[in-house]
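There's a structure below that I have some questions on.
Chains: A, B, C and D, in written order; residue numbering restarts at 1 for each.
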Amino acid sequence: MSAMLLNKDKWPEFVGKLSGKVWVPKVEEGEAIRFGPLSGEESKLPEYCNTRVPPKEIVFPETETLYCFQADEHEMTAPEIDERKIIIGIRPCDARAMKIVEKLFRWDVDDPYYLKHRELVTLVGLACNAPGLNCFCTSVGGGPASTEGLDIIMFDLEDRYLLETITEKGEALLKEVEGLLEEAGQDVLAQKEKLIEAAENKISRSVDTEGIAEGLPGLWEDPLWKRVSASCLGCGTCTYLCPTCHCFDIQDETEGFEARRYRTWDSCMFEEYTRHASGHNPRPTRRERTRNRINHKYSYYVDKFDLIACVGCGRCINYCPVNIDIVEILRQVKEAL
Amino acid sequence: MSEDFEPNIVAFLCNWCSYAGADLAGTSRIHYPANIKVIRVMCSGRVNPLYVMNALQQGADGVLVSGCHPGDCHYMEGNYYARRRLGIFKDLLEFVGVDPRRFHMSWVSASEGHKWKEVVEKTVEDVRAAGPFEGFRRRQIDW
Amino acid sequence: MDLEQLRKTAAEVVAKDDVKYLIGWKKGTYGYRVSPVFIENEADTEDLIFSPLCTANLVTYLTLVEKPPLPRGQKPDTRKVALMVKGCDSRAVAQILVEKGIEREQIIVIGCPCPGVIDVNLLVAKYPEVAENTELKWSGEDFVLIRGGEEIPVKREEVLAEKCRLCRYPNPVVSDIMIGEPVKPWQTEEDTGVSELEGKNVAERWEYWEEQFARCIRCYSCRNVCPLCYCEDCILDRLNPTWINRAVNFSENTAFHIARAFHLAGRCVECGECERVCPVKIPLGRLNRKLAREVRDNYGFEPGLDPDGKPFQASYKPDDPEDFIL
Amino acid sequence: MKTSENPYIPYLATIENAWYETGGERCIKTFKVVIDDKEVRENWNHCPGQSAMIGVLGVGESMISISASPTEGRFLRFSVMRMGKVTQALHQLDPGDKMTIRGPYGNGFPLEEWEGKHILTIGGGIGQAPLRPIIEYVKAKQDLYAGLTMIYGARTSGDLCFKDEFTEMSKCDDLSCHLTIDIEEEGWEHNVGFVPQMLLDLNPSPENKIAITCGPPIMIRFVLENLKKLGFADEQIYTTLENRMKCGIGKCGRCNVGNLYVCKDGPVFCYSVLKNVPEAFA
């Protein structure tokens, strides 16, 4: 696999030559809130640690039409998914999350929508030089320069980018812009190693996951769940901003004779998520719901797919309105084991 | 604005006054524009602002709510509540950027067939001037 | 504020048999964060703090209490709940009392006169957050940041939250116990957020909100954090009939925000929580403050001041304005 | 995207017959449906205990257990209680109307494993629906099983489903049918009392038996207790669970009890598995 250099001056040219819709982090209200299609005005990537809304929405749209029909007819047509997308600047944790979630969408029955989106997307990641305050990717199997799930990884070397291809798809992408790149020398690769090490050292938070997956079910009735969920508001911020949360709801909507069935993100932190039509709710309070969220990520998923469904991006910690901190919860879990 | 544009207007009429007023207009053969789709409710106080919003979402270009004159409400005070509620709602719609000409409220009594005609004409004229309302349609994106 | 006095009072309150717990603030897990805390015994009152970082409105927890079905024979816990409130928070208490959402005897309100809290985004932009928990204190007119043994003065106008710039009630309007001396209300600023939008024409406003609402991810944190959004069966969760679809697109998002703002018309106490918690930074406060302004100017009504008053939307005056009626 | 490769796109089916099993606010209506597409109909293969997502276009879908045994013919039966938005819409359907079907989903009962054994079904209310296919199946293949005992209860005689079929059942030698209602009623010839108590009264020996129970959670809890009292081993006890579901194929994430997805790992669970899952009887 190749390692190439791209001068930052050539950025507009670089993104202009790629075949497919390019998505980059977009700054709104003074902050990189989410990824959006390139508008042509950007001359470089913005300054960002990570976007607030993860790029999972590109492969798993918040609302996606499953099929449309006419209210008085029974002909169902699924939308065609055929747009090639290139996500530039996705952080390694978010790319890793896609790889983790893909396991579920491939489990037993393939999910045609997710897999089609995933097939059509090329991930050009940007390694983190300055991880955020609440990043703990190194504790859950990732790292600031993890290549899992990525097709290309970029390193920010101040005035230029180092691009390393990881997959065939990435290799093919670089072919399209060959003229703009130059071969990277050994010195650059050494510089890269230093950057990675420096970034890893900047990660201040950590979780000791040893024994958690096996131990969590044993803590079912532990008082810790009451404690950590006491201040929970029951909103969906933690799950909607989580790159690995993948639960959805299916609903119908109509306007006149036109109708569609769509799926839309749902959150296990909502009360009606598990509520039966009879009114009975197997998870009646936020204690059970918080417990399920942690268990799902750190125990059930490990059981099924041998992976922790958390990539340590820190979003749920950063944006929880009441400072519910998953690292702290896991520390308490560990203590209770 | 296109001259051919025929607005779609949903009107919520109270059973006791405005509906009877519209009925009177009909039986008296007073001509008024046919753009109004009437929905009869028991009282203007029953009109939840969500109805107005939903009508706009489902393709109405304008909405009219009409009830009894203050003091004449069959339920004594329903229209007073409606006035307060929908007055605030109108301010809200305007602040969000919905053309104020799209939402009207009126008092039409059972004997005011002519007033009904005037109200409808004014509403249709206003909505026509405001043009088609596509921005808020539920089906604005390709499903 | 005298923390010693606060903790002592809190300990006395919690020690009472008929008090279930006290809701207050404690240091968060990192940086400038503060988290709500539920204190059940006297020893834990040591954790209590009250500082310019205590932005969260704790009143929401009064109505957020879950009532799962009780095992047969078990009686519901009817002990009182004590909670700490700032000026704006106390208005929420008053408003809920007006609506009979809670009973006065069921709560013990510990009033904390508030010289103004910060907007964490402004603070972070000026003084980047560090992993270690950092204290911020009031100091005269301004604030002082205590980090690594060092005291850094912070100018009030640099970091003050928007809601506090507009605040007219820094002292609790409802309280059983008051901690410290009342603060002197300050000169409020012009609500530029609302006025600026009012100055635009309808099309421009639509464009503005289109951009804002399109961003909404419908996590409902604005609804859940709101002390006055406490319907047991929220219109947003209701499926039959579905007034607002769960689909996330501009049409439904707008419907959601219009419905939310409308349901808070004449009820919103401008505590600014919805805006603070929004993960995609939608300036929701502007919608609410606009309606609050209309209600104040046109109907002479201000919510959350008189616990014995009547709710705005469930009352009327025969001479309410009707210039908009044909 | 090809429809056949898309697990979210349902098949269309026509309602051949529909009738009310019970009355009242939460009435139960049974639909006999035939899948429209001939190829799908011929290849449709479900086993007792499996469920399907049935729905009405424009309203939504619900996971409902298939209450017909494959031995009955190339049609499906669903007994639906009127509860929420979808089931209300389903109840409006009449013979000739269309409904949508996806499935079959879930694991079903391990009927081959049970060959040679005596089957004991313990049902309550609408919980009889997933048990009906086993009863039909065992009836059709009587020589493969040692016998069948059915215990079925409901609040009143009017709340019992599939009433006509019981009289027919009691005529067979190897099959025995025990009915109970909660409250005394005029003209009722069978037992009065709760299902778990009736189980104790009948006192079946656990030898060479498989017990399957389905009904309201509270009934299941006591039935399990009583089965243990009677000496049934965990491996001899099966139950079916239900949870709110949306996708039916293990993606949407909401139907899990502990680390098990009801839609894929269930709905049929052996008690030996379930007793280790703390959330199962929540």
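Assume a residue touches a chain if its C-beta (ideal position, glycine included) is under 8 Å from a C-beta of that chain, and two chains touch if they have at least 3 such contacts.
Everything numeric in this text was worked out from a predicted model, so none of it was measured.
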item	value
Path length in steps (a step moves to a chain that is touched) from chain B to chain D	2
Reference chain A; chain at largest CA-centroid distance	B
C-D compared against A-C, more contacting pairs	A-C
Euclidean distance of C-alpha centroids - chain A vs chain B, Å	46
Distance from chain C to chain A - Cα centre to Cα centre, in angstrom	31
Length of the line joining the C-alpha centres of chain B and chain C, rounded to whole Å	36
Per-residue overlap in chain B, given as positions that touch at least 2 other chains	57, 137-138
Per-residue multi-chain contacts in chain D, two or more chains	84
Per-residue overlap in chain A, given as positions that touch at least 2 other chains	79, 249, 251, 253, 262
Graph class of chain-chain contacts, one of line, ring, star, complete, other	other
Listing of all chain pairs that touch each other, if any do	A-B, A-C, A-D, B-C, C-D
Sites on chain A touched by chain B in the complex	65, 68, 79, 253, 255-256, 258, 260, 262
In the complex with chain C, residue positions of chain B that touch it	49-50, 53-54, 57, 70-71, 77, 80-81, 83-85, 87-100, 104-107, 118-119, 122-123, 135-138, 140-141
Residues of chain A that touch chain D when the two form their complex	66-67, 69, 71, 74, 76, 78-81, 104-105, 107-113, 116, 217, 220-221, 246-252, 254, 259, 261, 263, 266, 268, 273-278, 280, 282-283, 288, 292, 295-296, 299-300, 303-304
Complex contacts: residues of chain C adjacent to chain D	239-240
Complex interface listing, chain B residues touching chain A	57-59, 137-139, 142-143
